[in-house]
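Down below are the structures I want you to see.
Okay, so chain A shows up in both of these, paired with chain B first and chain C after.
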Partner chain A sequence: MEQAKKMNMKEKYNAMTGDLAWDFSYKTEAEIFPLSDFEGIKIEDWSKWQDPFRLTMDAYWKYQGEKERKLYAVIDAFGQNNAHLGVTDARYINALKIFLTAVTPLEYGAHRGFAMTGRAFPGVGAQVASQMQSIDELRHAQTQLHTISQYNKYFDGLHDPFHMFDRVWYLSVPKSYFEDALSAGPFEFITAISFSFEYVLTNLLFMPFMSGAAYNGDMATVNFGFSAQSDESRHMTLGLEVIKFMLEQHPDNLPIIQRWIDKYFWRGYRLLGIVGMMMDYMLPKRVMSWKEGWEMYFEQNGKMLFDDLARYGITMPKFWEQSVEEKEHLTHQLWLTFYSYGHAAAFHTWIPDDSELDWLSEKYPNTFDKYYRPRLVYLREQEKLGKRFYNPSLPQLCQTCQIPMVYTDPKNPTKRVYRETIYNGDRFHFCSDACKEIFEHEPEKMSQAWLPPHQIFQGNCGGATIPDVLKHYHFTENDGGEFLHSRDNANWNLWKGLTPDEEAA
Partner chain B sequence: MSEKMVFLALQDNEDARPIREAIEADNPLAVITQFPGVYKIDAPGRLVINRESVEERIGRAWNPQDIHLSLVTLSGNIDETEDYFALERT
Partner chain C sequence: MAVKAAYENYSGPNRDAVENFHGNQLVYLGWDEHMMFPCAGVFPLPPQMPFGAIIKEVVPSAFSLHPDFASIDWGKVEWLLDGKSFNPTLDKSLEDNGVNHKSLIRMITPGLNGINNSGF
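After this line comes the complex of A and B, so read on.
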């Protein structure tokens, strides 16, 4: 008997994706996919969708199962060996606190979003790709929670990430980015997340974070990070594919897509500032500076990504030059902000030691010694005098990115940028021309943003005093404040047999 | 940089080592930069991983899709068959 011919990769992909669809008999396509056209994107032929990875569902389950087995073996070994004691020092854990509270809920948000696009897109190739990514993102949220739960046994600030994500002032920055995308249509969502976030910016999140974890002895995070990142390559590829597909389908799609790219590039860049702060200030052993990362992954690689799309008429995202001008200021201004509001954060802040200040001077030769080092040194002196500085006021936030209005004009670095616009008789404030422009294009949506300081003043966050609000956030008295005075630091010194710091609690 | 570059990054572990060696053998213009736990491989125009080159090194069958277990990130347009996995930018 003759054996059936083995299918090649392309045939197998077609059989295991396109052939899984069926034709509808008693409902129209418009009734089944009601979200597919209100954004103005015109798709004439969904069968033109090509997934470059050609991963079939059976291969997907095989690879994902193998990744999970490897990861959970490491997590077990990590717990059994008390490997939390192997990190460089307890300050490092604060980077994980930011990751768990700010990034892990985004993974869950992405899971929800891709479940939506998988249902909303009429094409089977896009449905299968969305389904895989939705499952991936749920896996990422789960593996991050499982991995970091080991640290939660020993360190403060890791105990309630999802409760915090929906309430805490600085976590409204990642939350609002994702909810902006989730509350849009399926095409805007996939442009925001797959293209702008995954394809253009995600390297800056995972490469420095996971390499930083490896450098700082955090075996568990390295493993969940690279396990997630192996999915990320597929997600990035989907991001490019979806943009090309939309652009090839109809010329009317170009201006809509360009606007989304402009919007989510800028919003994503603003969101990544906190990662830059982590790279420059929170890793005891540093991999690269924010400036170096931005040059490598955006200025060099990002330009090539956009060159690939130039034939369709896509240009570099508007305001990208501004991100380059800000690169020597961004992280210093953010760290000083979090240092000042350290009593209202679920992680600790500190002034870098002298060797770390020297590293920053070397990496930021044009700005650090001139504008930032003297302030950090002054704050350290104040702390030694028992006058650790905290800002007792509530910050004014940018209406769009929700970051406190702390950024200055790179051409005039001691002057803050204030932009404003009037909509329906109310005045709205912005940190940048880009954030103002995003608002002005969608004022009805953006004017409804949930800004934490406004909500506190309106009485929606547990009370009128800072302790009331922190209780509402589920913060404990050990979660925030100066690292030197923290329980984490005292415990670390005890576990490691180190001399307690003089200043420590 | 006028030349169009592609790159991929692999986990620095034993699973990826034969892939790295195959890349080095088959892509003379590739440049490898080491980071903690991961390395980045940049090449002008095209970067290819050949199934045969990996199989020679591991002594058993290897499917180019197994790259999914070691891949950290990439940049370029994917060209994938049963016999190779390539990134291109022209």
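After this line comes the complex of A and C, so read on.
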């Protein structure tokens, strides 16, 4: 038998990527790829798709396998060394609760979405890129679950993330963002996730969580962050490549893509408010303020990106100015919202201590002392009097972003923004002009939103009382409420030998 | 504009149609300049309910935790219904007052603007 000739690099690359596709003989392209053109995106030549990584499938498996081995060795060591005691204080774990319930299921959603695009795109380059990313995202979901599970042995609120994701009122915010993209076509999905989420906004998700973890002694999270980092840089590059590819293929694509960029910038920004709240309120050792993060990663870096895309006719996402106007109010309003709904959350809330209030004054000189410090101090005093404030009614949500309608006019920060529209004889409510415009563009879709408070009143969430609903969410009596009175806090003080007076909080 | 879908005549259920609420309709209720309640609340109410019952039952269940609540002069309260100023007739039903499914009622209490007049 003749020995096969060893392939050179280029042959190997072709054999292990593009040649993995096959030619079809008895079905038409339109029959095989039925989702490729309904969105209106025109691709003239799929062979123009450039793979910036030249990563072959066999090399991919080898690299990923190495990353897995390193990560799991660290996780084992974590368990053996009681590393959960190394974090700054037990309040920090609440940031992880949000991450595990709100972000990890999105990794899984991304896995599903890229599996869809890998099947739906007619070009083999895009299929291979989608396949790799789909597997990456599944790995991210798994590694996050395995890492954060270490803390589940010691802290409340980490026990049922996927069950909660599909039911809990505030988790419908990330869920609906992703499902909006997943239920669209492949081009909208990849624009939403690869470009808007991963390229434009991901620094504001990963940077605060991963640096926050490092600052706060959470080596487990730092490790999955490192393990995901090289995948993420591949994903970000793909996000930019895919936008340029679509724009270069046909001039008709520009307005469609611009609209998607506008939509997912706004939806992503609304979603990131939760991360901002974590940066300003939940990390015992702070990394940077939300305002500083937004200025650096969006106002500066984002602007440079859009300047670069201007040659294709792309402009800054519509309503971006609104995000800048809100930056000195956003996180304070959201934290106060979660504080007031703390009895119905699977993480704890609290009032920052005095040095933390001072940090906020310094970071938000125009707004914090004027508006927000007095509110926090008032609530702290009420708590000391035994009257910890909880809001007794269910919140009015925005039909689009599904966040409670708490946003105010930045020029008049005690006036809430109320927007509404009538569709098919019914009234729909929105937190902003942007959310209203997104609805009005696709009312057939957005009017189907599964809004948790409304679902409770329809009888679909386990019952009519708050305890019924929390049971339906699989919350235990220890998962939510005031941090000071939590089991997490009591355990922490016990493990660290602290008396209540020495508590970090 | 309409959604672009993979097939023609795409439509789905209006998930919050009034028929889904077991004889009730949804009413949102907010109190301006009282951000301690960060957003309006949502309540399932019978359309036949007199508006006066909102003041007697629903408003206290939502807002009585606020120290301003006890000082409200109900004769001076101003109401907004779906963004327009509005004079409810207390013994008439929500329906007859024009409060429909998913209407937003906002309450304004002149002179009472939150803790130390702060809007909170």
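FYI, the second predicted complex is superposed on the first by the 485 of 505 C-alpha atoms of A that agree within 3 Å, B and C clash if a C-alpha of one lies under 4 Å from a C-alpha of the other, contacts with A are read in each partner's own complex, and residues count from 1 in each chain.
The criterion applied here is as follows: contacts are C-beta pairs under 8 Å (C-beta built on N, C-alpha and C of every residue); 3 or more make two chains touch, one makes a residue touch a chain.
Just so you know, these numbers come straight off a predicted model, no measurement behind them.
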Of chain B and chain C, which one touches more of chain A's residues? C
Check the residue A:Leu451 against both partner chains and state whether it touches chain B (first), chain C (second), both, or neither. second
Please work out whether A:Cys461 is in contact with chain B alone, chain C alone, both, or neither, and reply first, second, both or neither. neither
Tell me the contact category for A:Glu232 with respect to chain B and chain C: first, second, both or neither. first
Report for A:Val222: first if it touches chain B alone, second if chain C alone, otherwise both or neither. first
Contacts for A:Phe206 in the overlay, against chain B (first) and chain C (second): which applies, first, second, both or neither? first
Just chain B (first), just chain C (second), both, or neither: which does A:Ala345 touch? neither
Counting only touches as set out at the top, which of chain B and chain C does A:Leu55 meet: first, second, both, neither? first
Touching both chain C and chain B, counted on chain A across the two superposed complexes: none
Inside the complex, what are the residues of chain B that reach chain A? 1, 4-5, 7-9, 11, 35-38, 65-66, 68-75, 77-78, 80-82, 89
Flag every residue of chain A that touches chain C in the complex, lowest number first. 34-35, 38-40, 185, 333, 336-337, 340, 371, 374-375, 378, 389, 391-396, 404-406, 408, 413-416, 418, 420, 424, 426-429, 440-445, 447-451, 453-454, 457-459
Could you pull out which chain A residues touch chain B in their complex? 8-9, 52-55, 59, 63, 66-67, 202-203, 206-207, 210-215, 222, 226, 229-230, 232-234, 236-237, 240, 287, 300-301, 304-305, 307-308
Residue ranges of chain C touching chain A (in the complex, touch as defined): 1-6, 10-18, 20-22, 24, 26, 28-30, 32-33, 35-44, 61-62, 65, 82-83, 100-104, 106, 113-116, 118-120
